[in-house]
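Quick heads-up: structures coming right below.
First chain A sits with chain B, and in the next complex the same chain sits with chain C.
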Partner chain A sequence: MIRKVFKINRKVERTLFILLGLLPAFIWFFFIMLYPIFMTFKKSLYDWNLAYAIDNYIGLQNYKDLLTDRIFITSLINTLYAVIYIVPATIIIALIVAVLLNSFSDRIREFFTPIYFLPVITSMVAVGLVWRWLYHPSYGLFNYFLHLVGLPTQAFLMSPDQSLPSVAVVAVWINVGYFAVILLAALRGIPNSYYEAAKIDGANSWQTFRHITVPLLKPSILFTSIMAVIGAFKIFVPIKIMTDGGPGSSSMVLVLNIYKQGFEFLEMGYASAMTVVLFIIVMIITIVQWKFIKTDY
Partner chain B sequence: MGYLKKLTFSKLLMLMLLLLGAIFMFLPFFWMVISSFKPTEELFKMPPTWIPKHFTLNNFKGVLEAMPFWRYFFNSVMVSSINTIVGVFTSALTGYIFAKYRFKGSNILFMVILGALMIPFQVIMIPLYTLMLKLGWTDSYYVLTVPYFFDIFGIFLMRQFMLTIPDDLIDAATIDGCSHFGTFFRIVLPVVKPALAALTIFLFMASWNSYLWPLITINSSEFMTLPLGLGQFVYYRATQYNLLLAASLMSLLPIIVVFIFAQKRFIEGFALTGMKG
Partner chain C sequence: MKKSMILLLVMALIFTFTAGVMAKTTLTYWTQAAGPYVKFAEKAVKEFNASNPDIEVKLETFSEYRTKVYTAFATKTEADVIELYGSVASFAKGGTILPVPESVMSKEEIEATYIPAALKSKEYDGVYYGFPEELNMESPGLLVNVDLFKKAGLEIPSEWDKNNGPASWQELMDYAHKLTVIEDEVMKQAGLGVINGQESAMFLSLIWQLGGDFRDPENNVVHFTTPEAEKAVQFMLDLIEGPDRVHSTRFSGRMDAFREGTAAMTIGAPWYAATYDLEAPGLNYKYYNLPPFIAGSDPYFNGEGGWGYMVSARTKNPEAAWKFVKFLMEKDRQIEWAKTVGAVSSRKDAAEVFNGNDPISIATKIAKYAKEPGAYTLDTGQLVWSIVRTNLRGILNNELTIEQGLKNMDADGNKMIKRNYSRGDN
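The block that comes next holds the complex of A and B.
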């Protein structure tokens, strides 16, 4: 009898535990994620402006407008350029840094790793300001270096041609340590016996790298690449701080455009339609990721 | 000496490359520190001086006069701490339930959460902002904390770690008469301590450096965090680099100090979250 009561109590307690554990999570999840996602899709079909209190259903008009919106198309192209500038550079440099770090003793590795990693933990707002000063057309350190080697002054962030690549350099700088650390962890996971076997077979260091390190690192490289691609598609803070999309709209990117439409012009319906475009892009990348990397959850 | 002999030419070249890269990585920080101790006239000078000729602390004084730095700092510390403590706890609890309990619909629920993992914050920010507006939460601590109380990635990460806990351990606790709550607090949490530490660093940094969400929801400087306050500062003093650089240094210093003392944990934590993601 007592045993039975105890058992029932345990069952009740189990249910209570699950319920108490998950209920707050689902209330949060519903209001903070599910409902907003649904609303983003719904409101992308509305002419919705907070400033003028307009909220009318207009079907696909927002999407039609996007097709002829020069700034939107520019922002989309610029975002693609940002991905092209940032991702390969980040991954290749991170891989080089990881291999270099891995080829030295613990002491040297432990000395250099934090230096490469330091930007990762810093606020993009603060370091963005510092980079703006480094890029300064008249008093910046980079232009001073160019003078030293006899090259002409560059406008960097003030130049329509250079603004986006200049910001991309900062994006690479801030993230390279993060990816290097992930790749370094993967490198250190490769059993030493593989390298010893290669050595016995008479492979030189390039052959070892090419035929042992790279294939074994492939999943990590792919994973970091996709993370970098998604990150680059969502680039916002460095651009907001360093150029605010300028000069003109030479460094206008998708998320900055969404921010400006939604929170400066308060055209929230139109901004929602842009957000849906961003969502679709990220979704496609994620599906591709699932196709490439089969992780078992 | 023996060590030096082993240092072949190619190794030396690699070391030089590593050093060169490290100098480039560190240069912005170095230049920020040097520049923020220079008086304005010296700052706007070509060629620049590598060491301040007229060392000054006026820029820092100027920052403290021009912006409520300590208020921003207090807000950042408080908001990030609350978000981290709550976020780590909820991630662990939710992750544990998803890892170790089977009940009706548990798989479907987890799939829904997994699906949400790929949704960028930007996709929800507009309706979330209007929801906060309706609740009257904009320009308050609510808007800076409640949306951070759960973290989808944190739940996923903790579930992965909880899966590695042997069922026998949990069963043994149950047989000993430990309640489900008791098992979670006394048995499970201590076992996953390394994962908790990693998630703590990850969530704290995410909250500490958060910029876009505070930017759209906070207007009064009473509730501004460091990144947001600094961002506003840029907006109004775009060309006063002496103040901007000093303010950057002041806002970076706390986290850099913490990093110096706990850099191994930071790096391991980030590597862990990266690999499991």
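The block that comes next holds the complex of A and C.
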């Protein structure tokens, strides 16, 4: 029909149809994703504060200021610590949970999988508030048990040394279910014949896990690692709810710092520069991890 | 045909003319979405619209209020009249709000009408750019849990009721020590909530009561590396460390602890009382004024113009907008506003009306000791609630030495002031 009206051939019509079909996705991608990213890069070069009627180009001044900003440096270091606390623990526990679930019968697995997934679908604000009570220095459940077994009680969220690890525990608890489900799906995809061959060759459970399960899960482990690293770099809600970056700035992380600069102090240009730094760090780490995948597969 | 055409034309002209004459001036008015504020605003708008048939004020409220107001100014879509918390300096410097016209109130009249500490945040370069509704007081109050006093076998001295609070800091500390419960080195009950709240306001109050000052408006800088600031920090550390501690960094924050019933007393403000009445109606407490921390000093405390009104420079109806603001700021209406939202009125004559035993009335009695913490920095909020607070908490949590923390306050504060003055001159 269109071909007849506009006198075009089948190939052009096909291309037009594809382009037209892609248009909504392109518009969404451009205006909701690409354009804000571009604007963040651009505004990081501006002195842009919402309270003032100004938007002056200042080159790399925001980035120079970041180099001497103690809170930014603290938040960067804390974020790296958060990644170190959260990522390995999340992946290892998720892997253990996935292997355990895979070893159960279908009925037991179907019963337990949603239970592990529950924290993922629960409101993070509610989760944060409940954990804050669990960590309460005087009346929290954890200190009650510590006291019961004669161990010294801990300050947890009120201690500069313990606040970030305490929040990291919550982040691990939230994420394990999500990654366990992904790894479980990958585990279910490994053909049984490999395990049968290993059994005939006399391999024990550890050898089977080490030489069959782990190598075949490697793409999924790397994928979950990338997702966990990105998630850990962007950790925000549990920290905002449980410590708000304190005590002092002991649990101040990059995204919370960006939020405070942008929405509390209205320093949008400066917050944009921080966002760009976060973007670059996450991009570099993702590329490095991606290289691992490409090397092996 | 010709006649009827002429008739139609004349009728159309008459209609257009009369419609123009009868057209109402429409104003938009923004306030925050908190219940009491909306309740007052709705009533005030209704009364104004009824008594001004030529003007129609449309009230709009929303959540995430502050961010949206600033974003609206950035995108030039703000309302004609805006109720906003804190300093107007950035807007005034950027030329986005109007100065108060002489016809509405002269400078002399403004200064005679309002409490000085409340006015500072509405002034820029010697000109007033809006009106404060309240004197926001931080840390001048003492809240006492009646049940925990009884549980400890103590009675609240009747003199506290007569004098609106303890006679001296020492007397207060005697009770705080008796009410502090520490078991196996773990604090189970704080005698007096001190920290993890608005302790930066207490720090500033201490500096003033010790005879010092961190403000230097003539040179547009702040000074925190002073002997008074060092003594102020040490005073606070003595309350939270050692065997005589009455609160601890390892304990709930002062507001939460008092609400939970794990702090027998807490340093607070009238808005603490309003919050407890709303969120913890069963809490059996009394509100007093704090005695001076330092013997011989007056009870100076941190006070500034909180919520207030301003008019956008882009309004098409400035006269109507100011008429509405003037209406809102009338004495009786301000009394009603203060009662509805639970605040100390910034109008001297409205504040005087509060003379009972309620927290607002008690707090109003010491309003004259309010010191404004530094409107000249162009961002008091960032100075007090971020720069001072973060570094003070760093010191109190032993992450920073006193010397380093105070140096940081100087460096960060002066950097902020310099940046604020370098922008917005276009």
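Following the convention adopted for this analysis, the second predicted complex is superposed on the first by the 259 of 297 C-alpha atoms of A that agree within 3 Å, B and C clash if a C-alpha of one lies under 4 Å from a C-alpha of the other, contacts with A are read in each partner's own complex, and residues count from 1 in each chain.
Here, a residue touches a chain if its C-beta (ideal position, glycine included) is under 8 Å from a C-beta of that chain, and two chains touch if they have at least 3 such contacts.
Keep in mind it's a predicted model, so treat the numbers as computed, not measured.
Contact with chain B, but none with chain C, is seen for A:279 once the two complexes are overlaid on the shared chain.
Legend: residue contacts after superposition of the two complexes on their common chain; A:139 is shown touching both chain B and chain C. Put simply, more of the residues of chain A are touched by B, taking chain B and chain C as the two choices. Once the two complexes are laid over each other on the shared chain, residue contacts for A:125 go to chain B alone; chain C is not touched. Contacts of A:51 after superposition on the shared chain: chain C is touched, whereas chain B is not. Touch criterion met: A:159 reaches chain C, while chain B stays clear of it.
Of the two partner chains placed by the overlay, chain B and chain C both lie in contact with A:263. On chain A, the patch touched by chain B and the patch touched by chain C overlap at residues 50, 136, 138-139, 263.
The touching residues of chain A, counted against chain B in their complex, run 10, 13-14, 16-18, 21-22, 24-26, 28-29, 31-33, 35-37, 39-40, 43, 50, 93, 96-97, 100-101, 103-104, 108, 110, 112-127, 129-131, 133-134, 136, 138-139, 141, 144, 147, 173, 176-179, 181-182, 184-186, 205, 220, 224, 227, 230, 234, 236-237, 240-241, 255, 258-259, 262-263, 268, 271-272, 275-276, 278-279, 282-283, 286, 297.
Interface of chain A with chain C (complex): residues 47, 49-54, 56, 70-71, 136-139, 153, 155, 158-160, 246-250, 260, 263-266.
Interface residues of chain B, counted against chain A in their complex, comprise 10-11, 14-15, 17-18, 21-22, 24-29, 31-32, 35, 43-48, 90, 93-94, 96-97, 101, 103, 109, 113-114, 116, 118-120, 122-131, 146-147, 149-150, 152, 155, 174, 179-181, 184, 205, 208-209, 211-212, 215-216, 226-228, 230-231, 234, 241, 244-245, 247-249, 251-252, 255-256, 259-260, 263-264, 266-267, 270-271, 274-275, 277. Of all the residues in chain C, the ones that touch chain A in their complex are 67, 70-71, 73-74, 90-91, 93-96, 186-188, 196, 249-252, 260, 262, 379, 382, 386, 390, 393-394, 396-400, 408, 419, 423-424, 426.
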